[in-house]
Every structure is written in structure tokens, then in C-alpha cells.
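Input: one structure, supplied below.
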Amino acid sequence: MVGLSVGEKHFIQGGIAQDLRSDGRKRLTYRPIYVETGVIPQAHGSARVRLGATDVIASVKAELGKPSALQPDKGNIAIYVDCSPTAAPMFEVGRGGEELSTELSVALQRCLLGGKSGAGAGIDPTSLVVVEGKVCWDLYIDGLVISSDGNLLDALAAAIKAALSNTGIPKVDVAADATSDEQPEVNISDEEFLQFDTSGIPVIVTLTKVGRHYIVDATSEEESQMSSAVSISVNRKGHICGLMKRGGVGLDPSIILDMISVAKHVSEQLINKLDSEIAAAEASEEES
Amino acid sequence: MEYVSPEGLRLDGRRPMEMRQLRAEIGTVAKANGSAVFEMGNTKVIAAVYGPREVQNRSQQINDQALVRCEYSMANFSTGDRMRKPKGDRRSTEISLVIRQTMEACILTHLMPRSQIDIFVQVLQADGGTRSACINAATLALADAGIPMRDIVTSCSAGYLNSTPLLDLNYIEDSAGGPDVTVGILPKLDKVTLLQMDAKLPVDIFENVMGLAIEGCKAIANYIREVRTVVCFLLSAKSSISFP
Amino acid sequence: MAAKPGSAPVTYSPNLGQKTRPPIFKDNDLDWVRPDGRGFHQCRPAFFRTGAVNSASGSAYAELGSTKVIVSVFGPRESKKAMMYSDTGRLNCNVSYTTFATPVRGQGSDHKEFSSMLHKALEGAIMLETFPKTTVDVFALVLESGGSDLPVVISCASLALADAGIMMYDLVAAVSVSCLGKNLVIDPVLEEESYQDGSLMLTCMPSRYEVTQLTFTGEWSTPDINEAMQLCLDACNKLGKVMRTCLKEAASGSQE
């Protein structure tokens, strides 16, 4: 945990109240985002996102699997997050790291995968189907926290978005006689890859309430002073794709509605910034 | 299977005595006291050192020396096929122990009594030789954290396939089931601190293979020294520094 | 505590949901009735009873339709030695399912996140600073899963905490809303949850008018959010009254 003296706490709180935070940012300014794609050559897609001292890696792996009987027209997508003990000694095995990992995994699933029926999902699960009811791609998205300085959720969501933009799923040819009940034979192409449409993937904006104000992209020092936090995922259309209150004290409903409108406003800039960073990262990867 | 072609080239195009490309980066984890990324070809590990600091579990405190702890973990995506439950299995417990013992031997623990040093290594990509890469990364991270050491430890592996000693095995060569010798040395003192081998080898060939691994360790030691001198030059710039 | 006659289908196989699926997505089809015959904005009748477990400091049983939940609270008791000193109390929550909770035995998902969600919903309501160095354990067991499990668990847990005499600002009432096509359906049953397009869960302290936990899934536009939140707040208010009555009954019963 972050150990802060009374003076430091007052300094952080006072700074936020005056719209000038300890690192010189305003309340609604993000730290600079650095995106690097293709960091894990063994995965189908990967990206590393740095947000100040927060450093996360996301990788996407696809395996051929069978769609569930309930939803034969949809592929499966799973998101797992792991907090490496390199980020903080408290993430060691059996010491609270698991709890945070589950919380982040569930929050990401909630914010990126949409409802049970798949409506509002960032990635269209129907695009993963190869043969309806028989063969589909199972998408495994793994997040790894390497260095932690607050705002892990936003960074992970950005990394996943970047990793999915970087992902190429091999093209699959199905043998012609796929009409029978048997498992059809498939041929995985080595050369042709399909890209995802990632424009619909939302970004997550976490608003942390400190005192009477809320800030975006809190550092771990600022997070230790939070009274409550709300993570809101917003897509390009300005629709809310998921929301989750992250503990803390109760909030008045009108404050939450205000936070949602602030998040919408912030998300526009964030999406644009992130998209240009991803494009730049992709370009530099192709060059090298 | 043929691991060395008649022209004397290995599967990834290397010569038998050729090492994979090394790359190191210091200071990648901002919050840690010391950290480093070490790459050997496709194998990529990140190490972070926390400490020396107060011992967290009082019952483990040692009154005349520092407590060194180590944890090795593999990322879900580090292997070719995706792993399910990577944490705390027997293999990682064993490697944690090996790394801990190796590093403990070179840290001047008696200078920091009643304190604790944590070394965390995380494998980002596994392509053979993770053990060696972890030790090399841990050395760099310890140096970055400014922890007093007798000497740096460097490690390298060597194997013996198709009647040829091979330096720095990759994953395919490693899983061929042949002998795999991992050596860790203190290059300045010229002492071996770690020696592991699976499978069997005649004694005279073993000497050859081990000699080869030691040569590899020395080459890595030269590289690490180079990295460290450059870092000393650039120490004023606190940002992360990488070396091609 | 018997289930009300005809309140819910006794059993159903997962495939049944498939068959009834098409009508849901006809947005103009407003005559569509919910599986248990309720109106869209009508909650299931709620039944609460405190003192379900004798050995616990406090406990409560809740039944909404076929969702049956039992929560027991232990403590405040001394924190484990290994934990560091803390000048506020600790709250430890655990939610588990019986193997027979789901229609197909042992096939429910593991609901790992429910424990931390319960923790977050309750921590804003409990005055943790009133019992330093101690831990309060909240164990929830879902006897039968009939939809809206987590909201029922949260409401029931706050009642159990009140029964245990833990200091709280207010009771916590929780309600969820499902979005099916263009319709908002309050307090969904399992069948409705399995093909919802989006869901919203809101937990609040009715008398303080404060939201302690709020989660959304699926895509929502601002007017929908406003409508759904109003619906939930209103339902929470009413649920809070039911819970309050239950506590009052228990208190007057023990005085006699």
C-alpha cells in the first residue's frame, strides 16, 4: 500500500481542489499514452501500453473451438488479467493479487463484451464463427500488469483495443462436404489473415472522486485518497457500454449522471488520441 | 530429427557455437527499486527487485544477514500454446528456488542484516533458456537497485544433439530431450555457482559442453558489463535506456 | 417459506430459452408477457426473514420468486494475527452456490466476482471505523438461483448485518433491470437474464438516497440510463420499506 504522510495527503487533495495535480496535470487530463504493438511475436496480436509509470501488456490468442450449444452463431471470447509480482510485491501468489486480477477481468468483460446476448459488444462474436454450431474461433485475451501506478483498468482496456487492432486471425477454409453432422475438416491458412473491425471497441474512463471533485487517470498516490471511483466504458458513438462503481462510499444518483456525461466528453479525446497512437505504432512496426 | 544440418547450421540458422542475439534494458519498472528486461533471441524476461527493506513476515527475519526471496512466474501468453493456470506450479517453484540460491550466493547479504530483498521475475516469452535469461535479468535488476554483490552472475545453457555441442538452446532444441546443461558463473572470480543437467553424457563430452556453456556465460558477462558502463555514463538521465 | 403457486416454472431445460427467443426481439410486440406473468415494471413479491441461522451473530433469509438466499454474518471478531493493524474494521464477503441451485446440477458458473461485488456494495454502508482491529464475515449461500441473484444477496446481506447489530448508515437495497430489445424489464428471472441485451444493477441506501454500487453491461444511451436508474431507485425505495418492516416485526416479536 501507498504510505503517505498527512502533509502529502493534504497536498494531493488541495492540488485536486485547485485543478493542479501533483504532476502538473489538470483534473481531466490523461498522462501521455505510449502504444507499442506486436511485442509478443508468438501471439496473434499484442500490444504494450504505457500510461506514465503504469505499464501493461495485452495479447490475443485464437484457438479453434466449438461454439456453445446455446449460442451456435457466436464464438467465445475470454478475458483474463494477471498482475505480475514485478508490478508490486503485494501481487505475489496468495497475497491479494488474485483478487485484483479477478476484479479487473470481470470489469473488462463487463465493459468490452456487452450483454449476455452479445449486444453492444466491442468485438462482434458472430464474426468468429467458421461453421455455425460446429467450428468457431475461441479468442483468449490476456492482460498482464508489469508496472502499476494507478488506473490499471483504463490502461488494460487501451492495451486490449490496441492488441485487437494488431490481431490477424488466420483465414480458414472449410472442406466442401460440411453438410453432415460430423465435425467438418478445416484448413488453416498460413498466409491470409483477417483483421478485426476495432472501431466499435470502447475505451474505459475511470473517474476517481477525491474530495468534491473527480479526476481521470489517477496515479496510485491519488487512488489512495479516493472516496469512490466509477469506471465507464464509452464507444465512439458516445454510448455507454458498461459501467461499474469501484467501491468506496455512496454517491448521489445525480452525481453519477454527471460523471457519465463527463466521461463521455473525456472519452472522445481519449479515443482519438489512442487511435492515432495505435496507427503510429502499427506504422513503426511495419517499418522495422 | 536433424538438429544440425550437414552444412553445420542449426534449425534457426545459427552455428553450433553461436549465441542468440542479446538485448537488455534497465529501469523498465518505474515503481521498483531496480528492474531490467533481458532478451535472448525470442526469450524475453523482466525482473524487478524490491528492497532492501523491512522484513514483512517477522518470523522469517534473519539477524545476521538479509533475507532473499524470489518468485518466478510465466505470463499466460508466454508459451506457444496458451497456458491455463500458471501460478505456483512445481516447475516455477523449482526455478524460483534455483534463482534464489544463485542470487543469494553473490549478494553480500551480511551487509544488510534484518532486511529483505525481493526478486520477481516474469517470463514474457519462453523460447528455451528461461532459467538462464531469468538469472541474467535478475543480475541486472540487482545491479540497478544498487545492491552490493561479490560479482555479477551470468548464466547460459548448452546442449548436445546430433553429436554436436550446441550453445544456448532454443525451445525446439530444448524439447528434443537431449542433455541440457545450465551453468551460472561469477565471471571475475571465475567460479561456478550453478550447474544443472538433465539426461546423461559421457564425462569427456560433458567437460566440452560445460566449457562451451562457460564461454557463453563469459560472453554474456561482457555484454552485461558493457550495458552497465553505458548506464553509468547516462545515469543522470533517469528514463529507461535500451541497447540494441 | 413455500414457493407461491404458479410463481415460476418448476424446471426448465436451457434449450427452452432458445424456443421462446424470437418474440423477445420483436420490438413492437408489447403484448408479450413475462414467463411468470408479471408486468415489465413489476417486481417479484419479496419475502424476508431474519434469524435464519442460530449460531451466527446475525442472519437473514430472502425469497424473491424462485430465488432463495440465506446470509449469515459473524463478528465483529478479532482479525487474524497475520493481518496488519488497521484502525478501521475489515469486511470479508463470500458468496457461494449450492450444487442444486441451478437447473442443471453443478452447472452454474463459479461467480467469482460476486464476493467482491457484495463487498463493494456493502462497504459504503457500514461504519467500519466503529470496530477497529476486527473483521466482520458475511457468508451468503444461494439456495436456489432464479435470476437477479446478486441483488437479492446484497439486500439479504444488509438485513443480516442489521440483525447482527453492525452499525450501518442505512439498509442497502438492490434491484436489477434487464434490457430486452427496447423494453426495460425490472427484477429479471433466470430465463430473461440468459438472453438480455444489457443489464443494470443498482444498490442504494433508500433513506440517504445514495448509490453504493452500480454496474452496467451492454450498450446504453443516456435516456435509457436515466429511465432505468429511476426505475431502480424507485424499486429500491419500495424494497427498502419491505426490509424495514421485516426488521420491525423481528424486533417487536423478540420483545414479547
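By written order: A, B and C. Residues from 1 in each chain.
Keep this in mind: contacts are C-beta pairs under 8 Å (C-beta built on N, C-alpha and C of every residue); 3 or more make two chains touch, one makes a residue touch a chain.
A quick note: this is a predicted structure, and the numbers were derived from the prediction, not measured.
> Cut subunit A out of the contact graph: what components remain?
Drop subunit A and the rest splits as B | C.
> Return the chain whose centre of C-alpha atoms lies at maximal distance from the corresponding centre of subunit B.
Chain centre farthest from subunit B's centre: C.
> Taking the mean of the C-alpha atoms as each chain's centre, how many Å separate subunit A from subunit C?
One centre to the other, that is 28 Å.
> Roughly how far is subunit A from subunit B, centre to centre by C-alpha average, rounded to an integer in Å?
It comes to 32 Å between the two C-alpha centres.
> What whole-number Å value describes the gap between the mean CA coordinates of subunit B and subunit C?
Inter-chain centre distance comes to 51 Å.
> Note the residues in subunit B that touch 2 or more other chains, in rising order.
none
> Which parts of subunit A, given as residue numbers and ranges, touch two or more other chains?
Where subunit A is concerned, no single residue meets two or more other chains.
> Of all residues in subunit C, which touch subunit A in the complex?
The contact residues of subunit C facing subunit A are 14-15, 17-18, 112-113, 116, 119-120, 123-125, 169, 179, 193-199, 204-205, 208-222, 225-226, 229, 233.
> Provide the residue numbers of subunit A that touch subunit B in the complex, in ascending order.
Going by the criterion above, the answer is residues 39-43, 46, 52-53, 55, 57, 59, 61, 63, 80, 82, 84-89, 92-94, 140, 142, 144, 146-149, 220.
> Can you list the residues on subunit B that touch subunit A in the complex?
Going through subunit B, the ones touching subunit A are 28-32, 35, 42, 46-48, 50, 71, 73, 75-80, 82, 86-88, 118, 120-122, 124-125, 127.
> If you look only at subunit A, which of its residues touch subunit C in the complex?
Against subunit C, subunit A makes touches at 69-70, 99, 102-103, 106, 110-111, 113-117, 119-120, 228, 230, 235, 239-253, 256-257, 260-261.
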